[in-house]
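Notes to accompany the following structure.
All chains are identified by letter, namely A, B, C, D and E, in their written order; residue positions are counted from 1 within each chain.
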Amino acid sequence: MSSLLALLLVPVTGSIVAAIIQRYRLAERLVSFSTFVVTLLFLIDIRVGDAFTWSLGFLGKNIEMGLQITPLSIFMLYMTIAFGVLLTFFDLTERSKMKSFLLLLTLAASNWIFMATDFLSFFFAWELMGWASILAIFGGRRTAESRHGALYYAMMSIGGSYSMLIGIFLLSNLTGSFSIQQNVSYLVSIMTVHPWWVLGIVSMFFVAFMVKSGIFPFHTWVPYTYGESPDGFVPYLSSVMSKYGIYGFLIFLPLTLSLRNVPGVLGLPWPNYTLVWFGSITAVVGSVLAFMQDDVKKLFAYSSFSNLGFILAAIALFTPIGLTAGLFHAFNHLLFNGAIFITVVAVISKVGITRMSEMGGLWQKMPLTFLTFFVGIASAAGIPPFAGFGSKWMIFQAMISHGLIFATVLLFFASIASFLYLMRAFHAIFLGQLSHKYDNVKEISAIGKITEVFLIGALIFFGIFPGFILDPINSIVGSFGLKPLPTSGYEYINGFFSSVNMVSIFIVVIVAFIFGFLLFAVSAKHKKVPQEDNYTAGQIPKDWNLTPEMYQFSYDFYEPMDKEIAPFLKIKIDGFFKGFGDSVEYLGSSIKEIFTGNVQIYTYLAIGGLVIFVIAGWIVW
Amino acid sequence: MVIVEFLIKLSQGFGIGALALATGLLFGGIARKIMARIQRRYGPPFTQNFMDLFKLLSKGSVSHGWAFDLGLVAGFVPMLAALMFLPIGPFTLFPSDSSLIMIVYLMMMAYLGMAMGVLASGNPNSAIGMSRALMLMAGYEVPFAAVIFSIYFFSKTGYLTQIVAMQSGGFMNWNIVKMPLGFLAVEIVLQGMLGEKPFDQAIAPAEIASGPMVELGGKYLGFGMIQHSVALFLETGIIVDLFLGGAPNFWIFIAKQFVLYFVVVLVDAILPRLRVHEATSFFWKLPLFLGILQAVIVIIQGGVLNV
Amino acid sequence: MIDFLQNWIYLTGAMALVGIGLYIVLTNTNILRIIVGLNIVDSGTNLFIVTIAWHPKSVMPIYTATNNLVVDGHVVAADPLPQSLVLTAIVIGLGTTALALAIAVKIYQKYGTLDVRKIKEEDK
Amino acid sequence: MMNDTPEMVKKVFAIFVVGILIVGFFMAFTQMPKANAVNVNNTVSRFYVMKDVDQATEMLDKGTYFNKDMVPLRNDVPYTPITFGKSANLEDGAANVVTSIVVDYRGFDTLGEVTVLFLAASGVMLVLHGQKRKIPKKRTEPSEIMYVGTRIAFAVILLFGIYVFIHGHLTPGGGFPGGAIIASGILGLFLGKQGYSPNKSGLTIFESLSGMAYVVIGIIGLIGEKSFLANFLPTGTIGDLFSAGFIALIYIAIGMKVGSELSAVTNAMIIDTEDD
Amino acid sequence: MKTYNFAALLVGVPLLMAFSIPLFGFISKQLAKWITVLTLTFEFLFSLYILLWHVYPFNVIMGNWVPPFGENLYIGSLATILIVVISFVGLMISIYNLWSAKYGDVVHFALLFLMFVGGSIGLISTGDIFNVFIFMEITGISSYALAAYGPERRALGGAFKYLVISSIGSTLYLFGVLLIYTQLGTLNIAEIAARISQTTPGLLTFAGILLVAGLAVEAELFPFNGWVPDTYTGAINPVSATLSGIGSVGGVYVLIRIVMTVFGKNGNFVSTYGNLDLMTLIAILGTATVVIGELSALVQTNIKKMLAYSSMAQMGLVAMAFSIGSRLGAYAGIFQLINHSIAKAMLFLILGVIVSFGGERVEDMKGLWYKSPFLAVTFTIGALSLLGLPLFGGFWSKFALVDASFQRGGWYDFIMAIVLFASVVEAFYYLKVVGYIFTSKPAVSEKIKVEISPAIPIAAFAILIIAIGIFPQIVSGISYSAAHELTDKMSGYVLNVIPTIVGH
């Protein structure tokens, strides 16, 4: 199947070309864009069940490596590549400091991850992707923080991949094979006999996945990394790369099906239950930390991993509705997160800073971006009829159907909190007073506008016709041996407790809006006034020599909440990792003292070592 | 046929909207009267709110741009849209879509629109007010969600219509009897939702100058009033449907709503205002505790669903 | 008995030299003394090598008119192989010493001292 | 860490550490065969002494040298008695068995050994490069007797050195001692005259050429006898001066090389030991 | 027994040329350096011929005295691949030296360098246990002198420390060899290997300990590696590259040859004869070295010292890989050795170019990307290969290493966990440097001009690293058969040298 190989080779070729012509920024971006398009074209040719295998004479074993298309992988492939097309299209004109060849390398790796049938190539691709992203992050803002961020990410992800490596070899030494399918079915077969054992191996993998997706307690790298990554890379990082972890979880979650008959918690096997809690806690922690952020990229970084928490909580249930909801939310997250980050990138590229409290009022200058952002956060908040609603709605139903009310309340709290921080970002960036220093800010270029219009359209379209996504998801659910949810048309979302016709909701909302605007039109006329013309008890701000910046309330927007949130902020996972790093460093500096530079010490060491060996020799003599 | 059906639904929807608005305004007027009487004043007439609305809509006003306009329109429109899915007495416009969470999220869209309009005015005082309103919302939505989810789990359905149907057949079938703690929690939450004391930090008349509405005038304030009135109807209506067994006809429905609202007004009359973070943390304590307790009871009662 | 003792005397001597050499290396801070120590270790090694080749009754491994190395099909000479090895070992020891001395000379020129501790401090 | 420790403690500790090591050595020695020395007949040296390697090789090729427990049957190798001055055309003609091992049986070792010395000399040159000899202002010239004496002695020493390495295959000695003797003669010259300097280029050329000669002899063996460092000359009668094939040739090369190298090292070392 | 005596030129030609270099030095100093390049080109091509035309495995018989009576070189698959690598690295560094060696006695420097490479080749190919000692001394003495070379005086201290420790080490080695000789009466590695079980166990144990201790000095294993940081730091960069890229390969090779071939007891996992399992000893030494090396490297601010410690740690990794004892483990070790040799040599060479324009602290790497993209990219390639990133050579070896240790199981799981933790530490300090290279603005915006002669080796190394990363078959096939040579000593080694060792 040459198309499968093309999915790997096209990006690699593109990457090489992009690396060569790096100096010519436009050409590089064009290459990047066209590579994504070509990859997408090849993808169209691919159907579920396509496979390609080759065997590698490696280490005296004959290792079968292969690529295969499952419903899940084709879903993931479409998601990532199509999003990449959009992103690179947007990037054609925007100043985003992205290294195209790294992005394309990441694409190749991600395609490989989704198609791999054996752990060997899975790990290879995983590493490749990780490293390409690390390097991409190094190319971001050239500051000490950026370096720190990338290092932090690198450490976490190296730790994760070593953990996965251990898992892979523990497993392959048991089965003598690297094939994912064989290994998983082996695990299924011993699941009931040695559950702890299986759990040990699987958690080795899970650590890697959790790191990649930023699941609590491995979320600490996320803000550093997103905050300091090149602007253009962040949308890809947050929308696409965080999904690899989810894909990884889905490899192993079928294991829990065999535990269904074992007593668990609330009808759930306890591994699932634990993962649900990890997901919920992640969602809450992300939201709460996002609350106090002033850096826009960091804020949405937190938002991003909060949403990953939602997804994990849903898929961890591994019921038809949970799985559907999780995957659906994964898709929606891709869309709205993409919309949000693309607008954020657009704003940053025009304004040049990332501190939200120094922005404001930009809706006057960038109306379309403002609208896109609005639709994006509406979707993120789960407001019907936009795309995010259906999945959140299903997640809640999936959770409650198992009686996981605590976790559900946590998720709902996360959802509300997300509404709050989204509003705050919305306000701080786009609303309020426009500073005079942004008088010359312009709306983004035509290509950017096209992207944004497309995103708005997609967010609304998939909000109204979720069936277009739910259909493939149903086949994924079927491929895991679960009974898919009933489908009754493209406009329906069928939950556990109820189903919703999105079209009728959409029509109701539209009609209501028409009515609203009619009312607006027939009621008395208004006159437009400049932004400074505000109610200030009889005076105008100019009388007090106020500038728009001073007349903007956006710093410490939720200051009264500080006290309530403080307990959450005290959970310093970050500090734990830092402290760990510090103690390693301390250990290093003490060990270094062995090498004093004195030749006698070295001689002592050598002779002493020898003497110890001799004594050891006597003891066993 | 489709067009005829659409027109019928349209007119019905219009009717529901008008009815809800009227009821909401009337409740508001009655509340002002009750308040006045408690304070030993005569108070404005019941119809004062209708007159106010008409006056506001016909007065000229100041706009801060299209985002301001759009936001304020979007502030009350979703409330009206949400009404269409609410079982009002025996009648529901779209019974097959009356999902509770959907209604909750539609209401949230109204807050989003309101916030957008208010913040687009560029007045820092309105921003301060909005931040208070949002924080308050973070407070009361959580216990509310806990109760909603208990009901979901308890009723095994998410349709308001079906929840109402399950409560038919007498007082003892009402959820208020089956889940008293949940009802108590929701009653407290309602206080916050409607912005009555002790949770009126954002929209208290005394705080107008530092509240969200500082820049609103004329029709914009009118839109705000519409939003508040419809929300009053909607929120009390939801609770009636959830706990008080709905109603066989429209009048009883309104009566039940009024009972709920009456309690709210009475509480409002006797309690002072809290500081905003105190309010939020209060919601995260007592009502949430009640809601969670209710949820635990429900789970223990109902066992678990095996899927 | 005498044979036995003779051999052990040489072994003891060899090991004593090694021990003394190592002791010097370990306790002296002067580079020249360290070199001397190494040299003594070398000497001890060489002595050890020739000792294991030797037996009190063995004859020198050179054919001469009077010296018969093979008696009744049995070699009575001292083992010539270690002797040839010791030649190599001596030369290598010489080379190492020469180089060490050259480095010592250079160190003295550059640092003005031969004390390893002072050199270490100068380097910091 | 080390600097604060009292001198005495350091010494005791050093004695302790070294002592354990030495005791370990002795415990190992107790397990040596017969508790003392190697029995020559049980080692490979037996064939070197008997000049019998070819016979052993024959047995090895037939597969009868080792028994099936892989123990070599060294004493089964047929032996042809060697008589001094009579036996001719032996596989190795040197009367001095050590020499035959050094140059012939294990000639490759010796090539390495020569290289080591060469490298050491080069290393000394490298490290001490760029030192200009300073001739002190206050000269204390050696006496005339010294000057003349060392020169006369040099000729004798040179001759003796040459004798030693030419007779390496017959008597104790060989290239290395011979070279060292020659170098000591040159050392005498240094003592005899302050500021004496041998011709450095000459020494270098001597050194290089003799080293190359050794390798070339090896390569001639490779070409002529299909094996590197193989003897390509007749071995003659044991005990004759012209016996033992290429041993004498190699020893001449080694002797010249060692002599010039040691002289060069001495020269390099002397350079900067004077105070100013 | 296949013989190919002509291959004696692998050792003979460098010797001949080394002896002749002083003569060429009279003509021109540059010529002396070119002679080095030419000789090593010959070595490289010759070894490549042996590799590609599959001439190996064969014996080279010296002086027509067949083993076990005379001396021989045995060039099996392991020796072949290592000789190819060594001569390649040596060739590249000699090209680099055309530019870098410019002070002092260049002629003797070239000579010593050539002999260091030639000696290492001899060390790897020789089949005689005493001959090993001589070649160790050849490489040793040349490296003391090389380490002392250079404009900085700290080089002298480093060289002296190296000399002292290394002399003691080789003395211990000599004792070990002779103790074995008293038992078996032979010095041929193949015969000793076949008959090692006929020795007294106690004496054998002691000899084994002495040998390991002596060889661990060159193999840079703790606690015998005190010289490493000072010597590497003091020496000029091409010399550090040589020590790390060639010297340590030789050191580890001999250690492994002695322990696995000579002392080895065949089985699923190789262990050794004697009371104390030397493989365990090496595992302990290796693990300790990895941990100590990585942790010490972590806190270094001097990049050269950092590389030195990292070198040490990598050697520990290699030793640990070999100590697993399975074929896969040996494979991993060989592969890792090769990768390390190439990558670390490249890093030192790059550092040499950088240092000629500035300091050698970690901060001095800041903004290298702006000063010289070529050096920045190649440095990153080297660092990433050492970390084991896919697409770079180091990935495959680390991968095999993990596989091997989990196959072994038992307490190797635990060791592996420690080693992987150390690898994370390693990743930290390398990535820190990479971060400095790409993300900081340089303090001085002066561009670094890389001349052609240092550029060729650096580029060649970088290309080779990536080539191995993409096509591991370049190295993996031969490495795997080389691993067989180590783990099955009879059919892999002994019978190739002495076919009739199992008699009637």
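Keep this in mind: contacts are C-beta pairs under 8 Å (C-beta built on N, C-alpha and C of every residue); 3 or more make two chains touch, one makes a residue touch a chain.
Predicted model only: the values in this text are computed from it and were never measured.
Hopping across touching chains, the smallest step count from chain B to chain C is 2. With respect to chain B, maximal separation of chain centres occurs for D (centres as means of Cα atoms).
When the interfaces C-E and A-B are ranked by how many C-beta pairs touch across them, A-B comes first. Centre-to-centre separation between chain D and chain E, using Cα means, comes to 29 Å.
Averaging Cα coordinates per chain places chain A and chain D 73 Å apart.
Inter-chain centre distance (chain A to chain C, centres taken as mean C-alpha positions): 69 Å.
Rounded to whole angstrom units, the spacing between the C-alpha centres of chain B and chain E is 77. Along chain C, residues 18, 22, 25-27, 34, 52, 81-82, 85, 88, 92, 95-96, 99, 103, 106, 117, 120, 123 each make contact with two or more other chains. Shared interface positions of chain E, i.e. residues touching 2 or more other chains, are given as 130, 134, 137, 141, 144-145, 148, 156-157, 160, 164, 168, 175, 181-182, 187, 202, 206. Along chain B, no residue makes contact with two or more other chains. Here, these are the chain pairs in contact: A-B, A-C, A-D, A-E, C-D, C-E, D-E.
Put simply, chain E touches chain D in their complex at residues 5-6, 8-9, 12, 15-16, 18-23, 26, 60-66, 68-71, 104-105, 108-109, 111-112, 115, 119, 122, 128, 130-131, 134-135, 137-138, 141-142, 144-146, 148-149, 156, 175, 179, 181-183, 185-188, 191, 194-195, 198, 200, 202-203, 206-207, 498, 500-504.
Every residue of chain E that touches chain A in the complex is listed here, in rising order: 157, 160-161, 164-165, 168-169, 172, 202, 205-206, 209-210, 212-213, 217, 222-224, 226-230, 275-276, 281, 291-292, 294-300, 327-328, 331, 380, 384, 387, 389-391, 395, 399-400, 402-403, 406-407, 409, 416-417, 420, 423-425, 427-428, 431-432, 434-436, 438-441, 472, 476, 480.
Considering their complex, residues 58-60, 124, 127-128, 131, 134-135, 138-143, 146-147, 150-151, 154-155, 158-159, 162, 165-166, 169-170, 172-173, 581, 584-585, 587-589, 591-592, 594-595, 597, 599, 601-603, 605-610, 613-614, 616-617, 620-621 of chain A touch chain E.
Only residues 130, 134, 137, 140-141, 144-145, 148, 153-154, 156-157, 159-160, 163-164, 167-168, 170-171, 174-175, 178, 181-182, 187 of chain E touch chain C when the two sit together in their complex. Residue ranges of chain C in contact with chain D, taken from their complex: 3-4, 7-8, 11, 15-16, 18-19, 22-23, 26-27, 51-55, 58, 60-65, 67, 69-70, 73-85, 87-88, 90-92, 94-96, 98-99, 101-103, 105-106, 109, 117.
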